[in-house]
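Dropping the structures in below, format is structure tokens.
Note that chain A is present in both complexes that follow, paired respectively with chain B and with chain C.
Showing the complex of A and B:
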């Protein structure tokens, strides 16, 4: 009997704890981890601390920004929405990758174009070198005496006689 | 004897050297020059520092004010429309401790000129800040002059500010006459600058 009573009490306690846990998860804003905040923060740069990503920046301004990210995540904003908020509020220079529009396209087009151009030049140079080497070999082969040549044969005979 | 041996001649001409086409070379050099020019312009702009005394108020700048900090009931302050008045533009931020040293002095001076009906306007530009903290700062110092965030950091970029606090005072013609880097030490210091320009 005692076991039954203890079992019922434990069961009730477990049910109460479970219901409390589930209601805590369901109510209010969701819990946002530092990792979630930093995943967005590392893509942003505060203009006050140039070249320092927001996730590792220790200034008060950066701390405020990280708090804004946390608040927005708690409110259910997506990563893109949060980044756009920062761009709208502080300008495109706060993002690691400038928005793909207008003059910013140069940042996306010029480096790959230069790399392609470089690769193209390299390939061309290698081809030219190879062709030159092949032609040199061909010329060298052409310069070698032809054993079938009548003139060469007679020359060799003359040389043999004189020895 | 060797002179009797007829020499064997051969074509000794080297193969024609093929180089990278001229237009490709020109393109590469052109791109490099453009790249260098862009870098040089960027470095020059960086080293230029803030706008200088004698320069005119940058055109086309508009400050969107915080609610409750409008100018003459307008939520947008077009700097061009302020010409004809002495204009004091103060860059600040809630995270900036030196800004706190001058906040009360600026507000007191603003109230002094408001009471006297002087032709002067103070404008606060909140630099790289978050609104709740900025509002808390404004309330803490009971600031009443027009204030708003520097949206897109357009205004601070036009002034090429190096940090906060920085204050720029323009005369009635919109010519920059005074720059204060760092906080004002006293109300008297601010009034001396503004009075000189009001007296002209």
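Showing the complex of A and C:
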């Protein structure tokens, strides 16, 4: 019985050591593919190569930035952490859109506000036009033919005859 | 000597343009026809003068006269002759001269027209044309002289128009050469096409200003400039598409449009110009929106100048670069002055331009065109704000920020979708009045048919809602437009007993503006297929391969066969890979992605290996390679579905525009006898 207990304990220890070994292997630097690097790099812009995303920029500086992304990914950093790292070092211009904070909110608010204003103006213009058209029609319907106009009187007569 | 002569001619042209503006102004204000005629002749004189100056510059470029700073900066001995010639517009000073040359050509051409009915417009058209010309010539003379030569002085070597005290002429052995990115057939045609578009819009603007000053509130200026506007729009559109093709072939990022501020600067006048193109039809048909059309053409003209300012002033790099450059403030002042004067004039005539007609239906064609205008202007607002916001941010907070593709794509995608929807229904509505019932009666058949397309692709396994919606809208535009052709041709068949092909042919001949416009819409729908394909379905992968290894993307397998390195006699070191392409296991093609390294400018250029079919494009870039053994190289492979339809759509679009530009065929004369003429008309 004792042998069995010792055997179980030894087996358990061996299993724990094995699992510890394998998990230790899993925590080490993992292999990062170019595609993983590019997935983050395409959201970043280096300060020198204006308006060229980092994933396609062929300069040496951008190549080094991509290597930094690879290293960070190997160390287990998340996408957001890596982006924040570049923002902290080089400023907000490295990301494809202005961060949604402070003055930058204007970038997001002004276009829809102006477009809504345009829609409002358009609706108002159309309403005014339609009202004017309706009033004109009403006036035309109410208008009596000028009795003194001989031509209109004869025309009305002719039309009456045709009916 | 020749450079001095060129500068002298440029100076004379500038004086002629100033004289034309002054004489035309005097003639118009004091009612002196002789002065106006003198101004017209001075305007005509600018063209041969500036042509001589341009010919001198082109000669200097072709013969490699590197003592001229411009020649030194944009050419080199190893460049092929066609690139030396097109280097005319390859740099700042030359491109400004090219702009002025085109403007002189167009304004001279317009002053040669018959002015009998519109004599009062002439002086003001000359004023606008010559003031704009004088502005660009002034930039060439005072700021960016293409004829300045390199002089060696105690302060060093630098460009000077005239010999500085104690200066010795400096003649470099070779030039710096054109930027490698610009050494592509696309770049040979892209700038002239854009400039042709830009400059052509000056003509409708000049007539609009003439109409405002003279108080002619009828639509005569719109009718005179209809073709100019179409020509301007054609060239601007072509310039944008050729630029997109160049980006696809040269920039090496697998796409054609990156929402770059330089791209947007050409896109903005296109947006307001397209709104104008639709909106003037309302003025012609319904005598409405006169004030709006004036505002649109003023905006288009100033956006043309603004686009040139953005790309030429250095403001996009930094607001401080703008302040330091001499050209930036000059542009800024010119844009400000012309915009304020034009809007001031418009305000002055505001009441006179009020519409007599009223809008009676929200579904009438004029109402739908108005919504179309709103959409174009909305995209313009997004583009404009996205372009200038980084500058405002830098100015106010000192912080530089980037406004990149995600911002524009998110904001404009719904607007473009709404535009496609309007493109489908607007041509069906009638001028004056349309109801849901009348529209529904015409549209229900093609609309029902169009629903089959998203259903078909849904059951084909595609689940992205953007693709389903996009392809439905494309199908709706296509089927509605084709149905319109079908309805009209059937009507002709019944009326005249013509066969269907003959009926279709004659249809296009009778109302070219309308049916040309329909073909333009079809072209746009095809272009939308290409845009949807690449935007929604593009995939990519990057892999380092040893010789003989493969990478797989979608249905394609690409095998790296070898990499060769060699020098060419035009000054390049070429790194060229050979890739075998297999589709579904079958060998289909051999592609050669390469990198060209230019010795003179010390810049690399990435040229993709491209296999293009109606279904998809396989696009391979050589990213990196092992320098010594050449056995391992890194490749980026893109799969771009349907993108070829973007270029096919452009061809259809051009065909439609050409048809729109042709004058309508006059109806065949009908022989009328005295007896038949005397008969009362029976209904």
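Operating definition for what follows: the second predicted complex is superposed on the first by the 96 of 163 C-alpha atoms of A that agree within 3 Å, B and C clash if a C-alpha of one lies under 4 Å from a C-alpha of the other, contacts with A are read in each partner's own complex, and residues count from 1 in each chain.
Going forward, a residue touches a chain if its C-beta (ideal position, glycine included) is under 8 Å from a C-beta of that chain, and two chains touch if they have at least 3 such contacts.
Please read these numbers as outputs of a predicted model, since none were measured by experiment.
By the touch criterion stated above, A:46 is placed in contact with chain B alone, chain C being left untouched.
Look at A:132: by the touch rule set out above, it reaches both chain B and chain C.
In the overlay built on the shared chain, the residue A:114 is in contact with chain B and with chain C.
Using the contact criterion defined above for the overlaid structures, shared-chain residue A:142 touches chain B, although it does not reach chain C. Once the two complexes are laid over each other on the shared chain, residue contacts for A:122 go to chain C alone; chain B is not touched. In the superposed pair of complexes, A:81 makes contact with neither chain B nor chain C. By the document's definition of touching, neither partner reaches A:157: not chain B, not chain C.
Shared-chain residue A:91: touches chain B and chain C both.
Within the superposed three-chain model, A:67 lies in touch with chain B and out of touch with chain C [touch as defined at top]. Overlaid on A, the two complexes show chain B and chain C touching the same residues of chain A, namely 47, 91-93, 110, 114, 132, 136.
Listing the residues of chain C that touch chain A in their complex gives 251-254, 258, 260-261, 316-317, 358-360, 362, 367, 370-371, 374, 377-378, 381-382, 385-386, 389-390, 392-393, 396-397, 399-407, 411, 540-544, 604, 606, 623, 634, 636.
Of all the residues in chain A, the ones that touch chain C in their complex are 33-35, 38, 45, 47, 50-53, 56, 58, 91-99, 102-104, 106-107, 110-111, 114-115, 118-119, 122, 126, 129-130, 132-133, 136.
Listed in rising order, the residues of chain B touching chain A in the complex are 1, 5-6, 8, 10-11, 15, 17-20, 24, 27-28, 31, 35, 93-95, 128-130, 133, 149, 151-154, 156-157, 163.
Touching chain B in their complex are the following residues of chain A: 46-48, 59-61, 64-65, 67-68, 88-93, 110, 114, 117, 120-121, 124-125, 128, 131-132, 135-136, 139, 142-143, 145, 152, 155, 159, 162.
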